[in-house]
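Worksheet: the structure to be examined is printed underneath.
We just call them A, B and C in the order they show up, numbering each chain from 1.
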Amino acid sequence: MAGGRPWASPNRVAAWLVGIAVLAFLLYVPQYYEATTVNRYTTAIFIGIAAMGLNILTGYNGQVSIGHGAFFALGGYTSALLMRDAGWPFLATVPIAALVCFVVGALVGFPALRVKGLYLALVTLGLAVVFPDVARKFVNSTDGFFDHNGEPGTVQLSIREHLAPPFWHDWFADPIADRLRDWIGARDQWAYYCALFLGLLLLLGVWLISRSRFGRALIAVRDHEAAAATVGIDLARVKVAAFALSALYAGVAGSLAVMINRSASVTKQEVFQDSIFFLVAVVIGGTATVVGPMIGAFILVFVQEWLDESDWLSDLLDDQRARLASPALFGIALILAMYVLPDGLVGGSRRLLRRLKRRRPVSEAAVT
Amino acid sequence: MDLFVSQLMIGIQAGVVYASLALALVLIYRTTGLLNFAQGEMALLSTYLTWKFTDYGLPVWVSIVASVLVSFAGGALVERVVMRPVEQSSPLVLVIVTIGMFLALNAITQVIFGTDDKHLPRAYPFEVWEVAGIRVRSDTLVLIGVLVAECVLLWYLVQKTKLGLALRAVASNPDSSRLVGVSVGTMLMVGWGLAAGLGALAGALVVPTTPALTPGSMQSILVFAFAAAALGGFDSPLGAVVGGLVMGVANALTVEYVDALDGIELVVPFGLILLVLLFRPAGLFGRVHVERV
Amino acid sequence: MTLLEVSELRAGYGPVQVLYGIDFVVHDGEVVVILGANGAGKTTTLRAVSGMIPARGRVTFDANPIAGSKPERIARLGIAHVPQGRGTLAELTVEENLWLGAYVRNDDGVDGDIARWYDVFPRLGERRAQPAGSMSGGEQQMLAIARALMSRPKLLLLDEPSLGLAPIITQELFRVLGELNRTDGLAMLVVEQNAGLALGIATRGYVLEAGTIAVSGSADELGTNDDVRRAYLGI
């Protein structure tokens, strides 16, 4: 960077301070809020993880997918089956779910090489639509410990056996174990910290990618394939890798979802809705930004909750209609968000900052 | 043999429905370059409107015509009010906007009309005839007839009239169109209006052949319509028709004949699309965009 | 009679300003040429006049104020703009392109005009049913000009008609343009880098430099002006 100042620019410092404050808050969440709210935060985090993955594929690499709900569900199934049938602890199942989704993502990525743009979006939609049926056919349902009227293809998990936090005294000396039991003693707290840990790890992953040669290759392929090829970028490798990575992220998110839902199940409605959610989170937060998708996920989850639980709607219409109307508000909010912030929150604020900082008029144009 | 033919007929009838909605999708894609995720829900709202007209006592055919006209206006309005502000934005933003419309329209429909089943009568008498040992339903004939009429009228409009020329011009090069005096905004409104009208007609004709009109009536049809448009090529009206028929027939035959795929019949249409796209990346009849670098 | 009067025209692209307040006129029956180097603002000027980009300042055409109007309205008033790069509607056939050119007209003379342009540009007639995008650059340029003329405009704006074309074709092109001006009295505002060709058919001209008018005068004056000759004619 030109003009070497020996200290960090004020913007950088501000960003770091905000980041640290946010992190501190996030660490504190399960200690302060009760379970329902904590679960909501956990949900926001894993949707953010899936969105970050989708961002690698769609934001940085320009391949639009509306089928990542399928990878999400696949990760969930993998984790749930390993926990129920093989007795694995949750965290151990995550790398496997990630790997499975990575491989399947790569497999999907290969035919995607030939299919571009809108057609690719349609094919991924097909994936989202077909996957539930396939899963249901090959995963036998279970009765487990809970007598849900489980749909065929549902994998139920028991709280006590699978989802409870580890018994800290088995792992640590007494004083530390006591502390841990206080902080991470409840199921929701355990789920949350797992999600936060994985989320930060994967966020770091995206950050590293964005600064690497691979990241630049992703963007080059997105912006101009032909030119990228002429400078020696292996198009196939980049595009398939993008698919595989994005699937991996979605898979990890799916595993975390199992912790909250206590089961892995999948209906066409859910898979489609999840796929859309991830995409919306990416766009609202800001495509091709590192933190954008996570922020988008938080906005999505909390705005939805606010809309669902707002009283003013029930005052206006009767209760039943109010409940029906909240998706309408959500849809309208989405549209308005696109009017105001087409670059997403992160992209839009960057643009705003740039415009506020601009003082000198730019002189010559290259376009006459 | 009987079973095959009757399944074929079922497939053709379903295929005609997919084709009609796919035609609306292609129309919007060709005039504005974007894929309208909300097409099905727009058609849903129109169909509920048709039902409301019949509920007021209007004869079914009149209700359908009225609904088509209102939908035309509605579609044009949607373009002007909802889509115009973001028309210059990136494709992803447009996708999100149409998704937002999808969610909003579906919910608004439910709020206005409620969620209980509604009965929408047919506009024509329901008959089943035996022709050479094959059972043919009046539904199938009417749907095919309407589709053919739509195609002929659309073809005439687009290829042989000044308005159609302007529509095609806007699809080809909006800037040059402006320079020769074409009001691009108006043409976009017309395109959306036509698509909405097509959707209204499709909905009003297909829903009576299903058990009831419900908020979910259009959703599976929409997925198949998208698939049909992708198969045929998003910019090809002929592709929409062919794609729709292929989807319908493939699905019907698979459901009946291929047991191994029992429960996962959807693999067939989407597998088909994937296969076609691998060899023809722009669909069967789509135009491949050749980039000069 | 003044056909087009432009004063204090400012225009640009977003944050980048290109024109810093220029004044010029085009009278009935004139061919006015705008010369200048790359980046001077020539194309921007035409775009501002035809409404393709927002124009600030005063632009009056045939006594109508048009600064800030939409291109469709400006086209209907009688300005036809042949854009840089021809703006061909590639998927439409040659004949459809021509019919489109007559979009603003409601009279019966369209067929006759098409026949006339096939006469003037025989290559177009040969390819009338072909998709316009399949033609060569020179043919597309002829089509673009014919398309613009189909609206029977009062003023023709031409943006770098010689760009990317072989010398033989550009010579023929300018010959046709010159003749059109003589027989039909069609006024033209031509932006060109090829100063020699342009001055050959022009009545008057302006030289644009970095968004302002540096020199103006009759075609002869410009042709003999030493600075112009050195900078643009390479003499």
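Remarks
Everything that follows uses one rule, which is that a contact is a pair of C-beta atoms (placed from the backbone, for glycine too) under 8 Å apart; a residue touches a chain by one contact, two chains touch by 3 or more.
Keep in mind that what you see is a predicted model, and the values were worked out from it rather than measured.
Seen from the C-alpha centroid of chain A, the farthest chain centroid is that of C. Centrality by C-alpha centroid: the chain sitting nearest the overall protein C-alpha mean is B.
Chain geometry summary: the mean Cα position of chain A and that of chain B are 33 Å apart.
Chain C has its Cα centroid 43 Å from the Cα centroid of chain B.
Centres computed as Cα averages put chain A at a distance of 53 Å from chain C.
The residues of chain C lying in touch with chain B in their complex are 50-52, 70-72, 75-76, 80-81, 83, 87-92, 96, 99-101, 103-104, 147-148, 151. Residues 35, 82, 85-86, 89-93, 95-97, 99-108, 110-111, 115, 223, 226-227, 230, 234, 263-267, 269-270, 273-274, 277-278, 281-283, 291, 293 of chain B are the ones that touch chain A when the two sit in their complex. Chain contact summary for the complex, chain B toward chain C: residues 162, 165-166, 168-169, 171-173, 175-184, 287.
Chain A contributes residues 58, 64, 111, 114-119, 121-123, 125-127, 129-130, 133-134, 136-137, 226-227, 276, 279-280, 283-284, 287, 317, 321, 324-335, 338-339, 342 to its touches with chain B in the complex.
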